[in-house]
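Next up: the structures, one after another.
Both complexes below contain chain A, partnered by chain B and then by chain C.
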Partner chain A sequence: MTGWRWFWRLASFVVGVGFIYGWQMIADAKLISPVFLPGPDRAWAALLRGFHSGILEPKLVGTVQRMIIGWLLASLLGIALGTMIGVSPRARKIFGPTLEFLRPLPSSAIIPLAIALFGLSEGMVLGVIGFGALWPMLLSTVHGFGAVEPRLYEVSRALGMSKLSVIWKIALPSSMPDILAGMRLGLTVSLILAVVGEMLTGRDGLGNWILLAARSFRAPDLYAGVILLGLLGYVSAQALAWVESRLLRWRAVAR
Partner chain B sequence: MKGARWQGLVFPLGLLLLGEAAFAWSHIQSDSIAAPSAALLAGYDALTDGSMLQATGDTMFAAIAGLSIGGGVGLLLGLVLGTAPVLDRLMEFTIEAVRPIPSVALIPVALLVYGFGYRMEIAVVTFSSTWPVLIMTRSAIAGIEPRLIEVARALRFNFAQRVWKIVLPAALPRIFVGFRLAAGVALIVAVTCEISANPIGLGYGMMMAEQSLHPDLMLAFLVWIGVVGWCWNWTMITAQKRLFGPAALVEPAR
Partner chain C sequence: MPQAFAPEQTTTPSAPGGAAPLIAFHDVCLTIAGNEILRDISFEISRGEFVCVVGPSGCGKTTTLRLISGLMHPSSGQVTFEGRPVTGPRQDVAIMFQDYGRALLPWRTAAGNVSLALESLGVPRSERADRIQDLLVKVGLKGQDKRFPNQLSGGMQQRLQIARCLAQNPSVLLMDEPFGALDAMTRQALQDEVLSIVAATGATVFFVTHDLEEAVYLGDRVIGLLPHPGRVAKTVSVDLPRPRDQLSSRETPQFLHLRRELFDFIKEAEA
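== the complex of A and B ==
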């Protein structure tokens, strides 16, 4: 069985390589102007050049830092606020409609407001990431708290547990799957907002780099940056999925 | 029920009153923030002179056009990959490699290729709204009751009949969930495009209001974008309920 899985992995990898080869052919034949579409060889060379000359590394680090700090900020705030709202039905009634209204609001729409308030600073980018990535976690925490098995609450009442230990020992662990799903979504949002924030503020990072590359028609650099951002998205999602599968192992066993 | 509604209004109204009172008492003069009443007036002016509606039209046009193309591509690819497992496995690596590219990273690419305007925005929206439809279509087809496929075989349906009479109707409710998610993404990406590069639509209007030191108009745009987003979301959810009823009450795969 595992042999077949490896075979299919390999086959799909070969197909992927085939697509890249096709891209190379199209670029070589100049079917699309090389101003818009450089071949993968030139994009790869630009990527290597960027790292060798030491330009790209601080930009990558800057973007990763912004994404992770903003995400952690959002996670902390989102889970804390979600807990406060989720634990009391009255708070859910008071804040619920406001949250429902704010949820479909594109989080990038608060960037102009944030610029007006905080200027083009590092704190503004982090604030925007923190605010934008907060929603998935906040909503999933509230949802997770609402979906806790009612009998668990009955047990806690029978045991005379305090409110704090009910949250810590019952509500938080049993809404863990929801919270983690929200955190995964939040990580994607963080990367997007980090890139947008860099584009708008000119802070040193990949977002700013690819925008400048596009404006000065340095297409290979642009594609190198896009590839790097795709890689960043992939690695961060995989890392979180790994953490999730470890944290939720008890759940699989319980079933 | 009426009590619950009333309680929901307490928080936003309280916040607005607090903001208004703070402005009234402090006599603050600011180029970066405005009182709620000023924002309301600016919003009323912008709505009545048509500039805001024009911007809304631009944004919605780009979002809907991108959503239609992206949704169509996603549906087609999802159908193909869902009905041909061999192809699905072969494409796995390619899809997993392209999907994590953040949609905003494509804004500079689209800018380079198309310059400013609708086309650039539509291209980015298309890319980002393809994925939810593709993923949901594929998983919806994988989740079809196997007996239905057996029935199709017993009736000697050919491929087209199988897709049209069995697969699509059975998978449609979940496909629509994917479409609804894509619709939300489309509006978000359209506004993001306008804020970061493209000089049309609501996002640009908001950016301009900020840069020309009109915080009242900027806040009005922010609230208006919220209203538009909420209405768009509501339309999709209502359409889903009307069209599919309880069949559509499946949670999207996370």
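== the complex of A and C ==
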């Protein structure tokens, strides 16, 4: 079936190239004013220019840092809280409904609250990222703990395992697929909130760069920032997928 | 199987005079949510004895095993181990489950699954690797240490569970229909391996099965349970000589007679 795989890979490549080509055609035909829509050529040039002049790099670094620190914060907290709630079926019942209520709450809704608490600071941005990315991680951990094969708990009792090693050696690895799915969602949320946070607080980063570019009609710069964010999202998702395939190797092996 | 000679295996089913039984049920009753599962179960198991339990489904075979393991507790009466009431699982009592697909950790390799038992026993890391290799060789899984359970056949997964049980150095093996889901050839091979392991270690075995021939072939004694509620209805001693052989032991008149006796018992129960 490798032939088919190459076919699909080629097809996806054609779609990508077609998209860029179509964009170029529309821009060249000036269907939309070049003030608002530069072609991919100008956007690419702006991207290179941004890196050559050394302006773009610190902004990229800033956004990446915010995203990753916020995400790690949320992951640690989410998995720890999820474990505490997940280990006890009673705690799952007690906290479950409240968590389900808090989860769909858009994180942007708590931004005003966060600004009131922390001001327009770095801490506020990280707090919002942490809050937003926490839920998928927390809930997937709780869910994963709820889905542990009961037989394995009997095995652990028969072996006289301590509560802590049951969590570490049975419940957590068993929940790992769920937790990683939550972390993937959390990563997307982190990127979104990092950008929104930068736009609101004016902290140096890609979000702020895009906003300022738009306000001063530097459309190529704006698109360069958007392209960079797209790449960032893609690369981080791929990196996590790689980690996932390593950690969940036991699932991929031939059945 | 020449290595299967061991003095323990020649002990007669009835406890040697004066010796206290290893495991004893004293008028054990179990009621769960108004359902009477077991009524007045009383029997004894001597050290080194191989006891098989048969009976129609729903007669409480697995429940009696779980009572010995300490995973469950009786509503009234007592289960004792070395004369003391069973309060919970013990590390020298190993349990082998029928559903190998669920009882193994799918994210750990064969070696990792055996290691779980060693870790729980507090075996130092430096000693684990050698012990794991020995155990895997012993159950015929040499060279499979890096494979995950879902890469192993059903028979191999069950061998892996045996290895994990043996890692506990158990004085008692509780086996809950361990070979029920395996094909006939694999089952016979594993039966003989269990027999030789038991002969070598002198472990006491409590073996739940629905296969009457298996019970006679393996056991020193077969206990027959009847359902609604579960109770002991029959006990037969199996005086077939050991080591046993899949062909010749199964062809002896005693074997055929015992098989017939248990067959009639089950048929009567299900009538």
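Here are a few things to note about the model shown:
Operating definition for what follows: the second predicted complex is superposed on the first by the 243 of 255 C-alpha atoms of A that agree within 3 Å, B and C clash if a C-alpha of one lies under 4 Å from a C-alpha of the other, contacts with A are read in each partner's own complex, and residues count from 1 in each chain.
Convention: contacts are C-beta pairs under 8 Å (C-beta built on N, C-alpha and C of every residue); 3 or more make two chains touch, one makes a residue touch a chain.
Since we're looking at a predicted model, the values are computed, not measured.
Of the two partner chains placed by superposition, only chain C is touched by A:Glu154; chain B is not.
Using the contact criterion defined above for the overlaid structures, shared-chain residue A:Ala27 touches neither chain B nor chain C, since it reaches no partner. Residue contacts after overlaying the shared chain place A:Ala116 against chain B, while chain C stays out of touching range. By the touch criterion defined above, A:Pro173 lies against chain C but remains apart from chain B after alignment on the C-alpha atoms of chain A. In the overlay built on the shared chain, the residue A:Ile210 is in contact with chain B alone; chain C does not reach it. With both structures placed on the common chain, the touch criterion links A:Leu60 to neither chain B nor chain C.
Comparing chain C and chain B on the residues of chain A they touch gives the larger count to B.
Shared-chain residue A:Leu47: touches no atom of chain B or chain C. For the contact definition in use here, the chain B contact set and the chain C contact set of chain A share no residue. Taken together, the chain B residues at the contact with chain A in this complex read 4-5, 7-12, 31-33, 89-94, 96-98, 100-109, 111-113, 184, 187-188, 191-192, 195-197, 203, 206-207, 209-210, 215, 218-219, 222, 225-226, 229-230, 232-233, 254. Per the touch definition, chain C reaches chain A in the complex via residues 69, 71, 88-91, 93-95, 97, 99, 102-103, 105-108, 116-117, 119-121, 147-148, 150-151, 168.
Across the complex, chain A meets chain C through its residues 149, 151-152, 154-161, 165, 169-170, 173-174, 176, 248-251, 253-255.
Contact residues on chain A toward chain B in their complex (touch as defined above): 8-9, 11-13, 15-16, 19, 35-36, 90, 93-98, 101-113, 115-117, 181, 184-185, 188, 191-192, 195-196, 199-200, 206-207, 210-211, 213-215, 217, 219, 222-223, 225-226, 229-231, 233-234, 237.
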